[in-house]
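Data block below; observations after.
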Amino acid sequence: MSVNNEFQPTIVAFCCNWCSYAGADLSGTNRLQYPANVKIIRIPCSCRLNPMFILRAFQRGADGVILCGCHPGDCHYTTGNYYARRRMTLLFSMLDYLGIERDRTRVEWVSAAEGAKFAATMNDFAATIHKLGPNRRLEDLRCRKD
Amino acid sequence: MKHDPLIPMLGVVTAIRTDTPDVKTFRVTGADGQKPFIHIPGQCAMLSIPGVGEALFSITSSPTEETYLDFSIKKCGCVTAWLHQMEVGQQITIRGPYGNGFPVDTELTGKDLLFIAGGIGLAPLHAVINYCRHYRDRYGKIDIVYGSRSKQDLVDFPEITEQWCKESGINVHLTIDNPQPDWDGHVGFVPNYVKELNFDTAKTVLMCGPPIMIKFTLAGLMELGFSREQIYTTMELRMKCALGKCGRCNIGDKYVCKDGPVFRFDQLDELPDEY
Amino acid sequence: MQRVGVFVCWCGSNIAATVDVEKVAEVLGQEPGVVFSTHYQYMCSQSGQELIQNAIREHSLTGVVVCSCSPRMHENTFRKTCEKAGLNPYMVEIANIREQCSWIHKNKEEATQKAVILGRAAIAKVHLNAPLTAGTSPVKKRALVIGGGIAGIQTALDIADAGFEVDIVEKEPTIGGKMTQIDKTFPTLDCAACILTPKMVDAAQNEKIKIYSYSEVQSVKGFVGNFRVTIKKKARYVDETKCTGCGLCTEKCPQKKVPNAFNLGLDQRRAIYIPFAQAVPKIATIDADYCTMLKTGKCGVCSKVCTAGAIDYKQTDRFIEEEYGAIVVATGFNPIKLDQYDEFAYSQSPDVVTSLEFERLMNAAGPTGGTLLRPSDGTHPKTIVFVQCVGSRCDDSKGKSYCSKICCMYTAKHAMLCREKYPDTDVYVFYIDVRTPGKNFDEFYRRAVEEYGVHYVKGMVGKVVPENGKLKVQASDLLGNRQLHIDADMVVLAAAIEPDKSARPLATMLTASMDTNDFFTEAHPKLRPVESPTAGIFLSGACQGPKDIPETVAQASAAAAKVIGLLAKDSLICNPCTAAPDELMCNGCSSCEKVCPYGAITYIDKEFRGPNRTTLVRRVAQVNPAVCQGCGACTVACPSGAMDLKGFSNKQIMAEVDAICR
Amino acid sequence: MQERLKQKALELLENGTADRILGWKIGEFFYDLTPAVFKTRQEIQEEFVYSPFAGANLSKYLIAESRKGGKVAVFLKPCDSYSFTQLLKEHRIWRENVYVVGVQCGGMCDMEKLRAKGCEGVLSVGEDGENIVVETLYGTNVFPRAELLEDRCITCKSKKVVTFDELIGEQGTELESDRFSQVAQLEAMTSQERFAFWQKELSRCIRCNACRNVCPACSCEKCVFDNPGSGVRNKAAADSFEESLFHIIRAFHVTGRCTDCGECSRVCPQNIPLHLLNRKMIKDMNELYGTYQAGADPDTKPPLTDFTLDDEEPSIVHTRGGQ
Amino acid sequence: MKKIAISKLNDLFSAISKEKVLYIPADDGANQARFTPWQEGLTLTDKLNTVRSAKDLFFPQVENLVNFKNSGKAIQIIENRTEPQPFVLFGVRACDCRSFDILDRVFLSDPVDTFYKTRREQGVVITLACNRPTETCFCGVFGIDGADPQGDVTCWMDEAALYWRANTEKGEALTAALPMLTDCAEEAIDPIAAKIRSILSKLPLNDLDLTGFNRDRMMELFNSPQWEDLSQSCLGCGTCTFVCPTCQCYDVQDFDDGQQVRRFRCWDSCMFSDFTMMAHGTNRPTQKERFRQRFMHKLSYFPNNNDGIFGCVGCGRCLQKCPIHMHIVKVAKALKEDLK
């Protein structure tokens, strides 16, 4: 929570090493701003993202989780993001089915060249989460900080 | 608000001694610098690092040490691994003492004692040995057979050689599994060594070590003519509460944490073989 | 739990201006397991690295966290630094507090707070790091060049020169590529064929070079040093070993109505053909789409006239499997299709041509024998309008957003050549900007304007309407601020260039990444411009981005140098961050195997000790660490969590999550 | 039917086809059957039962049974045979050590439904045409059989035995069932309603692990939730989050492997409709990636280990289902 | 003896819950009953018993023991236990009531479990005679009388009235605060009890005979060859344990929420494969040993240490809920064969 007690969401962004993490670097290189609430975790490929990590993030107090990977077809490992796409589609569908807000999770394909897209995506996602408010439906009360 | 036995007190690690490549001895006092509690040799205590876990360890030091408890701990799981990388001054939590301990003030008094230990199995016996040394006149002759894989794996080697070996009325028999250059003592496994030493049967035996050692040493002692009523050992099983409630450490209808960990072999014979 | 050292880099003011590095070092120093924490101006400098090394020794560090720039920048640097101080290089984690913190945030308090959190995540991760040792894999000392244009040829020649075997796969019947279609080259105006054909012959005659013409790459397996490539030799219905290239068949073939692709359909050829006189290899090819024999079984003229008996109607596609240590992509470019540019009447009038078609119309070996004639009526054009940036620098979806780079110069060349050969023609060039950054380029352009009197008009052509044999060109003159109406005889469109269509499926096979325009991505835009991020894949020529010939050749040689550097090694160090199963938990269910893109996972039946002194045999997964590239797809497919990825383990990532959300 | 199965079991034992039989064993009452391995003629004659209460899916036992020496014969109902085939596909069962006798099933009865009708002190049941006659301590009750069927049987997906060495009775066919209607109902709710629904259901979870331990797809050597090394071990439903986590991850792990046998919901002591989670995944996969039935054949790739270039993006979640 | 008209039950509940939290067995909407805090409108279930036993109220599935805060080398112990508020548990059946005796022997023996103890002190148990015992009931085998349960207060119900008898001081105190209870004759309950006893006498499991399950036969029972077959179908789930009113095994775990470490206690089951897992293995490696442990504990170990009182109260929950119906009656009957 920030000083003025305004809701400051915690956002975890999983970025694949080859495209999106580089895209994030590029948005840094280009000094494109996005909220400091977004913290990036580097994974080798979007297909490394275990649904467990997403749930873990929500448990520990994340308000939104976003996965960024190479555009379909551009995966450094050829097919990783295709698997990730199916996994995330089904996972998100299940979370939705359980009544978790759809907007708390997102997948966005960001290439190494798309620094601007990365920043724009993060700005948009952060705004969405901000609007949604704190994650209350999939939180572990023991980890609540306020 | 009553203090629950599951809730530990604070302890501080005041000294750490590296005994062998995988055994360290930790000296623990209460947060106030005093000994956390009084114990009987052979009793145990629950040490814990919050967030890592809680585990039961034999108290290595004799109750006659007035300000601290010692724990010789072998690195084998996640709690012990954490303990091993601690530094002096680290706080831990401690609760105890647990278990029955050795009957040092009843059945053992006046007896000739034979201690047989293998590896880290010396830890619980260490407390008894030093207790007996402190009250030397209460006990008869003391023999100690202690073996380990190598010289480096003998826990507390300096104290053994410099104090125990030099004390009259105490015979220390050390052995290691395989020959090595800087070792001129006995080489061989503990069970065989015990047989070789051919002890007279008028002794009470206190034994602790790996299961395989216990099994063969016991057989050896039987051969020498010892009876199972003469032999004590101490057990280790999965424990969570150490209060006889959580339901883990029972062997038949006995709880190791409450009715044990010290058992005579004739007592164990009446229990299922599930340890 | 490690003994962790934390090193916070100022990066001059890059980090220190927005992140309170001192505070970050102080706060991180309180984290569990951190025994040393400091900050320094430039951690990557010699003295910065020494600082780290000394700390490793003095504090017996078992883990190092560097809070600095992106790991993509200096992770390797710091790994090496630590390795020199006796620490396993994989016990280093980087917290990216520059690109992902100081550079994107303005509020110092906020940025500092974030830097601390990123540092915490790195510390949490490093506690769970395990020392990793890289294995090695052998290098197959043979290279594959995909594409036999000038880029591919140059790369192959350079690699062969260094003594390594190299194969060229070219999808057309001949190597040579686009350059064979070009008449003259800028800015020297020397003949393209004169400089290209000797190189083609060199390639054909070089013992180290093997050319697979009329062939395509079918599949690529393996990894750097050990690629297994299947090459499809398309059926050309001519036995390559027998054909002498005499050309008799190409004269006798009764099927004459085949659009001549080499001349971009401006004239016609036979169903059996040799693309052009200097083709390499000079072997005839039957165009199966048009050959009467192949389509109806009735004809066989070529077979009858062939004295070498080389015609083989029964030929089928053949597949050849070869092993390579390195692969060079040189798939080149194509002008975009202009079907959607109705405003320029490209589809309506044959006199509206692309620059490459114009090139053929000017070429002595072209459909008009080098005389510039209108395709519609064969008359000599008096007024020619050149339109630049057709589909380049475009905002809309039908064009390309990028600059095709070569158009300014070749248009100047075309205009100049027109004026030189036919001084009576009026030549207009409509441009947005004229870009001439190259050696002697601007001089060349100025000569076109000043010496040859080419009318350069800044502005775009709005519309071309064919009317009574003329092309009515409406255009704006931005400098003169007026509308121009020109009755032209010919309009030449400088079509944007795009990567060859074969590039995208090829990239998928190679697991090489591409940008949104289908140009191959380089490993680093500045520092590694001729390598793909995928190890062992190199880029040559316009497949990486628009280039003129000198640039292409330069890059081709650069790629060759990189390949030579790779092939010169006997073995390669593997990435140690590979997947590995915990056999005790593996179910042997094959889920992981199904998602592995590299076929790195196999199964064995293995005996395990069961409870109560029993043994049991279980099917368990095995990962070949030399083949595994560490993507982690298997780790998520594994339901029991038996498969984990070294360096990015489940616990490590979860520790990072925990630290960030704390 | 029971007699035919018994005779078959005896025959297989006697002609040496199998040296033991996996079937259902009689209990204290008519309904508390236990899966058991029968080794002797006497055991089979006295204790073997096949009745509308033989709901337990025997296929999971074969993971261990098929690894023991000798050959085991097993009776598989249609839905059990899907689980069996799926386990074969995952190389968990040693096929050569198993002799499969497929048996038709007319739907299994649910004791809970009987109790819900106020039947306490049930002593015996008898069949009277389509009716079930129940003798209790408090009198006799008669119910139409259909009212006592387990929910999973009401929406039976298939009467086809997919893998067998021998079949008792007719081979059945795949059925048109509206097994996804409940899922669709949930999907049509608002997000808040769905959340309330699942919170109410899952909050009853006591983490007994019955759903997991009975599930043929949950046959991991060691479950991630039991493995201290996995980083997510938990055995207590200490926070409502952990119940959700357990059930989400479990549903995800069996996605594409769950044959919809319904055992999870049958065994749940808290009557949580766990199959609705798995069915949601099956429904999604069918709709997004083409119809796929786990265990229907030994070869087809499960959707999660496959892909097409133009799969839907995860954002499709926004356009499916209710608000 | 007191009584109150059934129609006034709501008033009674309302009065009790003014002072203390009142739990009554109520339907939970999933075709089962559970102890639920009473509030206006909540009615008693028709079900014989709750799925989760009454032990939940004294020994909850999860409870926080203590918190810690680690910082550097220092640890702070934060005792933050909340003392339970006084509560009343209404509608406990005879079997569950006996289970408190069994749990007391574990938790109140030295060293006393203070968490359990304070709950016991704060809780008033009102039992209810079983009007409609079911086929899975076998409490009689353990000498429990479903027609006359114990507890602080015993209640009987017929169509017209609830009869109320305070048995203990706690019960008396509660009774004193409930003026709507009117006096009635002791004999009022006799017809109800007689009716119940006549049904109890007809229960099918009355033939369960546990004679011979004593200390002398422990080794014999332990080494019975039948364990292999009995345990074969056991799934190793914790259903029987978690619905059992006497199972009390627990685990102590730490949860690091990022700020503090919470040490909590939660139910555990000896049926779980990792129950006795240590760094270097487990002494009960297969389901056979774990299965044996559970039933040996109930039928032999516990009575050995507790004056022959079995660790089972015959509530029949495991009979109804075991996924594969391998329950204590089957086990006991099979073992009995060995003892013959």
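A few notes on this one:
Order of writing sets the chain letters: A, B, C, D and E. Residues in each chain are counted from 1.
We adopt the following convention: a contact is a pair of C-beta atoms (placed from the backbone, for glycine too) under 8 Å apart; a residue touches a chain by one contact, two chains touch by 3 or more.
Fair warning: this is a prediction, and the values are worked out from it, not measured in the lab.
Where touching is counted per the definition, the chains common to chain A and chain E are C, D.
More C-beta pairs in contact connect the chains of A-C than those of the other pair, out of C-E and A-C. Taking the mean of all protein Cα atoms as the centre, the chain whose own Cα mean lies nearest is A.
In whole angstrom, the spacing between the mean C-alpha positions of chain A and chain B is 53.
Put simply, the C-alpha centre of chain B and that of chain E have 39 angstrom between them. Residues of chain A found to touch two or more other chains are 51-52, 56, 60-61, 73, 79, 83, 87, 140, 142-143. Shared contact sites, meaning residues of chain B that touch two or more other chains, fall at 78.
Under the contact definition stated at the top, the residues of chain E that touch 2 or more other chains are 70, 251, 255-256, 258-259, 268. Here chain B touches chain E in the complex through residues 1-10, 49-54, 76-78, 80, 87, 89-93, 237-238, 240-241, 243-250, 252-253, 270, 272, 274-275, going by the rule given at the top.
Chain E makes touch with chain D in their complex at residues 28-32, 46, 48, 51-52, 61-62, 132-136, 199, 202-205, 229, 232-233, 235-239, 241-243, 251, 253, 255, 264, 266-269, 272-274, 319-327, 329-330, 333. Those residues of chain D that touch chain A in the complex are listed here as 183, 186-187, 191-199, 224, 232, 238-242, 244-245, 248-249, 251-252, 255, 277, 280-281, 284-285, 288-289, 303-309, 311-318, 320-321. Interface residues of chain C facing chain D in the complex, by the touch rule stated above, are 582, 584-591, 594-595, 603, 616-619, 637, 639-642, 650-651, 654-655. Residues 60-61, 140, 142-143, 145 of chain A touch chain E in their complex.
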